[in-house]
Amino acid sequence: MMDVGSKPATRRRAVARAHVAMPEHVRERIADGTLPKGDVLAAARIAGIMAAKHTPDIVPLCHPLPLTMVEVTPELSDGGVAIVAAAETTAQTGVEMEALTAAVAAALTVYDMTKGLDPAISIRAAELVEKSGGKSGHWRRAEA
Amino acid sequence: MMDVGSKPATRRRAVARAHVAMPEHVRERIADGTLPKGDVLAAARIAGIMAAKHTPDIVPLCHPLPLTMVEVTPELSDGGVAIVAAAETTAQTGVEMEALTAAVAAALTVYDMTKGLDPAISIRAAELVEKSGGKSGHWRRAEA
Amino acid sequence: MMDVGSKPATRRRAVARAHVAMPEHVRERIADGTLPKGDVLAAARIAGIMAAKHTPDIVPLCHPLPLTMVEVTPELSDGGVAIVAAAETTAQTGVEMEALTAAVAAALTVYDMTKGLDPAISIRAAELVEKSGGKSGHWRRAEA
Amino acid sequence: MMDVGSKPATRRRAVARAHVAMPEHVRERIADGTLPKGDVLAAARIAGIMAAKHTPDIVPLCHPLPLTMVEVTPELSDGGVAIVAAAETTAQTGVEMEALTAAVAAALTVYDMTKGLDPAISIRAAELVEKSGGKSGHWRRAEA
Amino acid sequence: MMDVGSKPATRRRAVARAHVAMPEHVRERIADGTLPKGDVLAAARIAGIMAAKHTPDIVPLCHPLPLTMVEVTPELSDGGVAIVAAAETTAQTGVEMEALTAAVAAALTVYDMTKGLDPAISIRAAELVEKSGGKSGHWRRAEA
Amino acid sequence: MMDVGSKPATRRRAVARAHVAMPEHVRERIADGTLPKGDVLAAARIAGIMAAKHTPDIVPLCHPLPLTMVEVTPELSDGGVAIVAAAETTAQTGVEMEALTAAVAAALTVYDMTKGLDPAISIRAAELVEKSGGKSGHWRRAEA
């Protein structure tokens, strides 16, 4: 775990996203709320928030950070479920991994609750969208 | 958490994969072993194995399972790092989520150890490849 | 942790309940879905299910058990939110603590999401309702 | 998880209590130290302290906090075991949930170690007693 | 994590020990129960039992096992505190790591609660004493 | 958990070590990289870093700390594997337990990956080497 002890604590924010691609008939079941495992989007939101707090347990070299905000928004989108996760802290290192872990855990939860209908459902493009705070300043993913 | 108490315990296996897409110069640093955070593939392997065991903590509706085998293989591939994760158990429900969680945690670890070089590195196509055991029998992803 | 190695593995079930007592104006906000922290009953359900799996981490002498079912049902009731939690396993010892831990964690979650409106909200009567399986057979709480 | 990033870090304290109601013959066994699972009050104290640290894993929307003090005091009382738990931090949000989770985990531990004698033992009135620090200032539960 | 899926589930037992060496004046404080952090032996016992259950989280390649018994006995001994930890399961692989992790966690707890008096206190000879069950049969450490 | 709320947050560092004593033929297998469970030193390093973050879950009275650096270095040494673990934070209490827990978890991992060759392999002398920061200032173990 890298030494961040000499860096100043600054306000940090990161936003990540993930997409779960699925056939239309599965997407409709989520929309209708008729899946046997219950409300997919509500479960994915909670799973993402809790996973953000578990990031240092999942990613070996991540520092434990005092998260001041985590927001996970799973929504029906074209072709499946789109998840956006944001995390914030005031710390000596950034929260990219917390945002990304939250997005990915929400995506895993969506898959878990829909895989009975189609195991070929796939998580696509889990990636950082934006980060700010710290020496490297603001970064935003260039859109295609 | 669905009731699986009436299902017979059978031998189960699942294989999942994930891909971390990165620029060639980052891939070379992994190959050369010159990244400041250390050996990426070794760390990703351990992270994946440990995450498989944490699956029920990450995915809300997953059953706790007595895993009998977990194998995570991160390798340099065209355009980045390809991860294959396999999990096995003898249980009343399958290990798809364990294999997928292992693959995804290994991918998060690769991203964590390379993001300093390029935050745009992205996790792509985290998905189940194959599963066997249980009532639904053997399933294999159709290749494009 | 008591030695249960000589006991036969039998099908076990336990049901527990907890009640969160709150003023009517808070209960209405849950019903209306207008609390700033989001959907209380959905979050409490997920929290309860996940906590059931964490029981051996919370209660020192609990055995780790292969839970085959966990169901947590938080509902609006007279005077607040009533939670019923059920857990099942096939194991050498019972799941009373899993059901009770699930009920209590759901209750803590309800409190966390409503305490901003009234810190005096209180958890009442967290207790076992019923258990079956094992040598002691079926037990049901006598109602007043 | 609500955004507390703009709030000042202040010294916070919360005190919670829980009561485990039990028949006199069980209470005597705790007092005599003759229960097969060992020293109930010592185990409940440790369980409560450890659970305070697990609060963000148990309660989905709780922020991780740098606890500076946790004290859990389980004592024999009229009709059972009374638990008082106190938690302190210097942070941007309060420690009510940490104190309450500690009290409840200690109560679950008491139940676990006595339920073999009487499964009808019940956790009653887990609730906040007092909190201080933060914008809302000092609050104390009105006694009946 | 090695594949143990083809091995038969057999009854397994392992016993480990650890020794915490300390000056006589510290040992006396434990005996007198006058340390500011409380009852050392009771806390070490609980810490050891809980750590046994966390073994797969601490030791990367350990399988999750359904422990049927864990017993941790920290006692005052010549020159400090001697810890004996036993673990049992019926599983496809052994519980050596669970017994050893329990012994070591109890030793860490003893050190934590006494280090304020003398930071030079040291954990010595954490090692397996005995194991049985499984293909390799009974093994007992040869005494010097 | 002792009250450290009135202590100033200062920069803290601790270094601990552990030694795993083993026969020469096992040590050679680690050096050759021919053990069936894989690269022992790489796994031990990751295990140690992750365990440092789990210290408050393993040692009951440890405060959760915002670790700013953890470094675990397992190396082949005379008679086995020598592990040095360092931890740093800026906090109101020290990181001795984090450094020691990291060293011990790395040692447990070495044992787990070599015990198949010889169960008599033993962890020796897990102890603090040095600490600095805080009121008690710099301390260094006197060498024999």
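Going by the order they are written in, the chains are A, B, C, D, E and F; count residues from 1 in each one.
Here is the rule we go by: contacts are C-beta pairs under 8 Å (C-beta built on N, C-alpha and C of every residue); 3 or more make two chains touch, one makes a residue touch a chain.
Please read these numbers as outputs of a predicted model, since none were measured by experiment.
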| item | value |
| --- | --- |
| Neighbouring chains shared between subunit D and subunit F, ordered by label | A, E |
| Copies subunit F and subunit A - interface residue numbers shared by over half, same or different | different |
| When subunit A is superposed on subunit D by its C-alpha atoms, the rotation angle in degrees, nearest 5 | 120 |
| Between the pairs A-B and B-E, the one where more C-beta pairs touch | A-B |
| From subunit E, the most remote chain by mean C-alpha position | A |
| Relative to subunit B, chain with the most remote C-alpha centre | D |
| Counterpart interface for D-E, drawn from A-D, B-F or D-F and sharing over half of its contact pairs | B-F |
| Approximate Å spacing (C-alpha centroids) for the pair subunit A, subunit E | 38 |
| Chain centre separation in whole Å, for subunit C relative to subunit B (CA means) | 32 |
| Inter-chain centre distance, subunit A versus subunit C - centres from mean C-alpha coordinates, in Å | 28 |
| Shared-contact residues (touching 2 or more other chains) in subunit B | 2, 38, 43, 46-47, 50, 54, 57, 60-61, 64-66 |
| Touch relationships between chains, expressed as pairs | A-B, A-C, A-D, A-F, B-C, B-E, B-F, C-D, C-E, D-E, D-F, E-F |
| Touch list for subunit F against partner subunit B, complex | 38-39, 42-43, 45-47, 50 |
| Contacting residues of subunit F [partner subunit D, same complex] | 1-5, 56-57, 60-61, 63-66, 91-92 |
| Subunit A partner contacts - residues on subunit B that touch it in the complex | 2, 18, 36-38, 43, 46-47, 50-51, 54, 57-62, 96-97, 100-101, 104-105, 107-109, 111-113, 115, 119-128, 131, 139, 141-142 |
| Footprint of subunit B on subunit C - complex, ascending | 11, 46, 49-50, 52-54, 64-71, 88-90 |
